[in-house]
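Letters A, B, C, D and E mark the chains as written, and numbering starts fresh at 1 in each.
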Amino acid sequence: MNGLLAADHLFDQGLTLAVFIIVVVKVVVAFAVLMGAVTLMIWFERKAISDMQSRIGPNRVGPWGLLQTLADGIKLFFKEDLIPAESDRFVFKLAPYLVVVPAFLIFAVIPVGGSVTIAHHTFDLQVADPPMGILLVLACSGIAVYGIMLAGWASGSKYPLMSSVRASAQMVSYEAALGMNVVTVLLVCNSLSTRAIVDAQGGSFFHWNLITTGIVPFFLFLIAATAELNRPPFDVVEADSELVGGFNTEYSSIRFALFYLAEFMNTITMSAVMVTLFFGGPAGPVPNIPHIKWIFPILWFTGKVVAFCYMYIWFRAALPRMRYDQLMDLGWKKLIPASLAWMLLVAAALTSWRWALIVLAGVFIGWIALTQAFEIGADRELSDASVLPSIGQRPLPGRVLRRMTDGDAPLDDEASDEEVEA
Amino acid sequence: MNLLAAVTIPDVAIFVLSAALSLAGAVGILLAKNPVHAALSLVMTLFGIAVAFIELQADFLAAVQIIVYAGAIVVLFLFVIMFLGVDKREDLSVEPIVGQRSTAAVLVLGLMASIIALGFIGHFEVGPASQTAELTGGAGNVADLGRAVFTTYLFAFEATAGLLVIAVIGAVVLARKPEAKATAAVVEEGEQ
Amino acid sequence: MNVLTMPSISYSALAPILFLLLGGVVIMAIAALRRRALSPTTTTALTLTAGIGSLVASLIEWAHVSTSDATSTIAGALAVDGFSVTIAITVSCAVILATLFAHHYLERMSIASAEYHVLALTAASGAVVMGAANDLVVVFLGLELLSIALYVLVALNRKSRASEEAALKYFILGGFASAIFVFGIAFLYGATGSTNLQNIGNTLSASVAEKPGILLIGIALLLVGFCFKIAAVPFHLWTPDVYQGAPTPVTGFMAAVAKVGGFAAMIRVLLAGLPTARSSWEPVLTAIAMATLLGGALLMVVQKDAKRMLAYSSINHAGFLLLGIIASSAAGLSADLFYLFTYSVATLGTFGILTMVATAADDDSALARLKGLSTKHPVLAGALTVLILAQAGVPLTTGFIAKFGVIEAAIGSSAIPLSIVAMVSAAIATFAYLRFVLNLYAAPEGNLDALDVEGSTTSPTAVLGVAIAVGVTIVFGVVPSLLLGLTSTASTHLLP
Amino acid sequence: MSIPLSWFIVLAVVLFGIGAFGVLIRRNVLIMFMCVELMLNAANLALVGFSRSLHDVGGEATVFFVLVVAAAEVVVGLGIVVAIFRRRQSAIADDLAELGG
Amino acid sequence: MHTFPYLSLLVIVPLVGAIAAALLAKTAPAAGRTIALAASGVELALVVAMIIQFKTIGAFQFTSQHAWASDLSIQWNVGVDGISLFLVAMTALVIPIVLLGAQVAERGAVFAAWLLLLEAAAVAAFVSLDLMLFFIAFEVTLVPSYFLIARYGHERRNYAAVKFFVMTFLGSAFLLVGILVLAFIHQGQTGQLTFALEELRHTTLSDGTGIWLSLAFLAAFAVKAPLFPFHTWSPTTYREAPAGGSMVLSAVLAKLGTYGILRFNLTLFPHASKTLAPLVLTLATIGILYGAIVASAQKDMKRLVAYSSLAQVGFIVLGTFAMSQQSLTGAVTMMVNHGIITAAFFMLIGWIGQRRGGWDTTMLRGLQRPAPVLAAVFTVVMLASIGLPGLNGFVGEFLVLLGTFATHRWWGVVATFGVLVAAIYLLWNYQQVFHGDADEENEKTPDLTIRERLVVAPLIVLIVVLGVYPKFMLDRIEPSVAKVVSSVVHSSPAPASHVIIPSSTRLGGDR
């Protein structure tokens, strides 16, 4: 308990009224800014994609259609709230909140600027700086999956359930890669606190973790993060052409709005996390102008986040959706080994060059071996169909499945005898 | 013995929160008819325990608890439940073996009572402090923990490698489809 | 920044574990990197190499430790003494024998042999770790290495539903036991401030708490955890089902290796870590031992299934092995080590022969099936007779020396009522064993061809295995001094 | 530490007891399995509590290993469950009556 | 000393024979049987040679001592004295006779192998001077006996085998514990763990410990002998076992029990034995009377002999616990003679059974006319069993009663009634079976064949010779018995008042 508070120098003089107000204000501001940012993000995405597709996009409500999101929100708010008869009502209602809350929570540990002094209280421009900051990010992204899974399951409907299964598998798979790249960053920064991570990248562009970790982890992290977000090209969870919209098919009204909100909020927070981990957070040249000096880090931070948000929009417009099996292959066969290898390399390089060479050799051998093994595995898989049938063939819970087996073509005895002999 | 001597109100509040969360979750698992609800209750317990860890200044473990347990293990449970479609409601009103529940209750209550009683009789007297390595509070304990894992518990750490190898192989072996002949037999039985 | 000083590592002491684990990894790697599936012959050969390597490494290590004092390595995590090496030898031998018996079985059941061997080797390494573990955490990890691999091994016969069900049952109860065990570790740690057995022992002998509440809880929970693993009554309920459902060679492997590992850890924890608390665990253990001895023997008598009967027999043996622990003397320890080795060999041989005569799907192990074995395969029937009689404790087999040794030790420690119970249970059990044997010579019922599936009874490896098992059982039964010398030296390291 | 150790231990024991009770009375394999996890968590809580009151890192390190073991156990356990229930559609332990015992 | 390892060979020869017979059982059963017979013949020859070389002194002879399982302190430590010599001889005699006269039709080679194994174990038990070795041999006898009964017996053989096995095994459980406790007490006193009889004799035991240990030993031996009331297995077992099995069980195995009492209880716990003597004597006397009375009510000849054996064993135990020179000598003599007689009995009943398909007295009548030789032989055996002077049964019984009268008069008086009842029921039985008018079935009973006559001849000869000239045996038995008696007499602490050691008893040369 005390350990938590001791880390932040805001509490150096104890918990006074001023401190309390500052904390409350920080929370409220962060919340408001995030909500505002989300409406803007939604507008931005629609506008940008329209642009890329040579359309105009929203342009009626407000200047440049800026208030379109608000209008949509109000409309959704007044729509009828439907709950399917087959649903698990409690979980059905719970799920949207499980999605939104972690999205907010992550933002709490993101340093959006430097430190500010108001009324003799110096505090950081971030809601909180717990010593385990970055682990909180991982924890929240781990929790976020619950909302999606449970939403799909609780709907009591076929396609949402498939979406749930996909979501759980996907997010667990990519979380490992995500975590390992975070560890790479931690190896370089020597701290789990987000503030300390940002501070460690303070010097110049070459101190950014993007460079100090050797660029690769950033790209690995980017891919993994995109998958965690269920953003295109990894949006198999809500693939509307396959799953009619996925986990939120049965949702309407305000609950649907919450999912929608959370998705974009996650995009923003994940961008912010990437900025924090690899791009120095608020770091950047700060012109020495008194009184408004504190604003430049915020601008730097915002600019970087917007750039990432734009990149996500760009992905969406430009990249085709991956097939589910390709997605899992990418996660398990490429991302995880690569993340692990790079993590080991960085660790070894930090120790001594001898170790670096040894690990490099090891990584090389491992890479060759794994490639070979995967190739052979793929061949075998095709030859004897020795893996589970794909998800689409699964029976659904309820009536149907009592009578069904795997959904594999039942073999008659003669055929199977031949197979055994062969 | 004055139990409440040094207890501050925020500490008690956090403890009560943690206990309430974890106990509610535990009871939830016990009573849930549906495995998905049980899994959710388990998550609640995990959170409660994570809160307790924070109160005990084991922040790192609290985070790991959430990441590994809630973020991976319970998700895996849910995955399996949904994947297999085994979220059938269990009828809890019928006792499969007569007297099973009361016997189990007596056993478990006896166990709990005797453990707690023994603990209080011995005043929860613990052994000599800091034998392995001293534990500092807060952020520092990650370093302590890391050092312990790579020195005192180095062998144990290496052994976990073996454990994970087995887990992977085991999962692959078990997920593999049974021989064609066996599948056919099951289909026949299913149709009867 | 602080620099970590890595603990010193004795690789010669680690060698048996490394051989087994790396053997598994190598097999897995080769299997993954070859385009065609590995032939069972190759994997068997590799496993045998790993097993023999481990055996040789243990024997070399024996030459070191037998002449020096007990030490520990890797920051006190592993003990290097005669006891740990003897356990390593026992487990290595068990691996070799089990591999010989599994070879033909895997082939005819078309079970992926690489996976079987990898899992078996890892499980075995877990048992070796348990024997050497000098830290409760290491004991726990060794236990889990062993158990988790066994869960999968039990489920390996995908042709049989029983196999999977047995795995599930084993898993749930195993997990339950592990949880109890960890809870016990927590309390023992709380009471003594360390997970290291050496430290625990020192702490306890330095000062005796007036009201050792937490310590008692810890000991009790650890005992329950161990009793689950070694299948002591009343924590034995999983045993018959799992023994029956598991693929027969796996049952043999489990009966031998899991028992060795469980007892090794139990002995180490109780006699190295908690000797000063003997007064608190001894009465409980005595009661458990009595229940185990009688329960195992009585339930054995009513079984109609060979594997179930042998499951209860293993429970009965667990009771005898507990005698050696309760004796808490060098003689008891030596007897237990002898018992573990000879029991492993005998039970592996027994299940090996049952494997050879198993049905095509390995799903029927009724005793009645074995009627007429003497007509169809007289030599096998003879070998089985010897092995079963050894388990019964008939003189001139290892079983007699083993049982005699533990009873002698128990009486040496004045556990006379327990010894009488042990003898009575031996009498009851012997009846069941004799019935088993008689069954082999009874007039056959039905078709005897089912007793040989695809030449399983003439498989050279299995025949070699039977020869070794019977040979060891008789040779050490007639000339036990060869082995007793080793075990008594080993025991003095742990209990000087 | 301001909260007495005994509070945590009692909480751990109660959680452990509920978990054990669940394993004993529930018939759904997955829920039994969750109860085992609950027991492990109770053990972890006790370990951390002792660790803190002993000012010793051993307990927390043990928790770390218990977490790894739990993960490995879950993987294999769920593997077994999947293997079984691909053959039949029930997760109720009493439906598994192949073995006479 | 004798350098020739008679005793080791006595164990090894039948063992090798057994293995050979078992190996040949499948391929060449006839050869297996021949080899088994040859082995038993060699054994007999060895025994005869040994008897010739035996010196009439009390000490153990032909001793041989080798470390075996030294870590467990078990030694190969064997030797014979006058007490065990004739038991070994009797064993060596009975086995070839069984092989010749009571061979089973099917799987004969295996039967022979089991018999030889039994012989090896029994001989090892008789000659072992190491308690643990004795125990091992004692236990080993169970396995072949079990198989002899369970695989070759009559209708309820499994039940009988199990009952026999479990009861005797339970008894020996106490024996093992007793041996170990004794050894550890001895270790506590001398610092050396040993099971050697000569060493353990010198253990100092308190009254209570001695009695408990003595009871533990007695438990095993009483079941094996069998002594009333531990005899319940014996009628069933003797009834269900094949003829050969019954012969060996009653002639040889039962003697392990009585021998054990004499050799171990008396030697190791002389003082406790004195304390327990009234109890055991009472049991023995009840056994004599009970056996005799129940025997007279039997319609089944095998059960009749079983109960008569119970009575005989009662005499042996009576003699043993009467603890006088004569009574002990008589007991040893009786062990040998009863072995010979009962073996002959069971063999004859077996032959009758072969001829008539049963041995129930109700269906047999007037066999004397169609089978005069059989009747004659039966008469001799029966008279020997009654204890007719001039036949061997008389010598032992007389000595026992004589000795008992001297020390424990009233038990002797009661036991004498047993002799009378035995005479009545045996004669009555004989009269029922052999006299009277044979019906058509019985009329056709064939007489003994030449082969059968030859087989039974040695027994008959011995019955007569040992009855007429018992001195040869008594001379060799007495010095050894004297040793035992003297150790009992000199046992400290001072005998309690109710144990009477009469000065008239002829004691060893110590005085």
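The criterion applied here is as follows: a contact is a pair of C-beta atoms (placed from the backbone, for glycine too) under 8 Å apart; a residue touches a chain by one contact, two chains touch by 3 or more.
Being a predicted model, the structure only gives us computed values, none of them experimental.
Peer 1: Using the touch definition from the top, how many steps at minimum link chain D to chain E?
Peer 2: 2
Peer 1: If you average the CA coordinates per chain, which chain's centre is most distant from that of chain E?
Peer 2: When every chain centre is compared against chain E, the largest gap points to A.
Peer 1: Comparing C-E against A-B, which pair counts more contacting C-beta pairs?
Peer 2: The comparison resolves to A-B.
Peer 1: Find the most central chain, measuring centrality by the gap between its CA centroid and the centroid of all protein CA atoms shown.
Peer 2: When every chain is reduced to its C-alpha mean, the one closest to the whole-protein mean is C.
Peer 1: Take the average of all CA coordinates in chain C, do the same for chain D, and state the distance between these two points in whole angstrom.
Peer 2: 25
Peer 1: Please report how many Å separate the Cα centroid of chain A from that of chain E, as a whole number.
Peer 2: Chain centroid spacing, chain A to chain E, equals 90 Å.
Peer 1: Between chain B and chain E, what's the gap in Å when you average each chain's C-alpha atoms?
Peer 2: 67
Peer 1: Would you kindly tell me how far, in whole Å, the mean C-alpha position of chain C lies from that of chain B?
Peer 2: Averaging C-alpha atoms per chain gives centres 29 Å apart.
Peer 1: For chain E, give me the residues that contact two or more of the other chains.
Peer 2: none
Peer 1: Quick one: which residues in chain C touch 2 or more of the other chains?
Peer 2: Touching at least two other chains: 110, 137, 141, 144, 148, 151-152, 155, 158, 190, 193-195.
Peer 1: Which residues belonging to chain B are in contact with no fewer than two other chains?
Peer 2: 11, 55, 57, 64, 72, 76, 83, 85-86, 88, 115, 119-120, 124, 126-132, 147, 152-153, 156, 160, 163, 166-167, 170, 173-179, 181, 186
Peer 1: Of all residues in chain C, which touch chain A in the complex?
Peer 2: Per the stated touch rule, the residues are 1, 29, 32-35, 37, 110.
Peer 1: For chain C, which residues count as touching chain E in their complex?
Peer 2: 334, 378, 389, 394-396, 400-401, 404-405, 407-408, 411-412, 416, 419-420, 423-424, 426-428, 430-431, 434, 438, 441, 480-481, 484-485, 488
Peer 1: Where on chain D does chain C make contact in their complex?
Peer 2: 9, 12, 16, 19-20, 23, 29, 32-33, 36, 39-40, 42-44, 46-47, 49-51, 53-54, 56, 58-59, 61-62, 65-66, 69, 72-73, 76-77, 79-81, 83-84, 87, 93, 96, 98-101
Peer 1: Across the complex, what residues on chain A touch chain C?
Peer 2: 190, 369, 372-373, 376-377, 379-380, 420
Peer 1: Within their complex, state which residues of chain B touch chain A.
Peer 2: Checking each residue of chain B against chain A gives 10-11, 14, 34, 36-37, 40, 43, 54-55, 57, 59-60, 62-64, 66-67, 70-72, 75-76, 78-79, 82-83, 85-88, 137-139, 142, 175-177, 179-181, 183-184, 186-187, 190.
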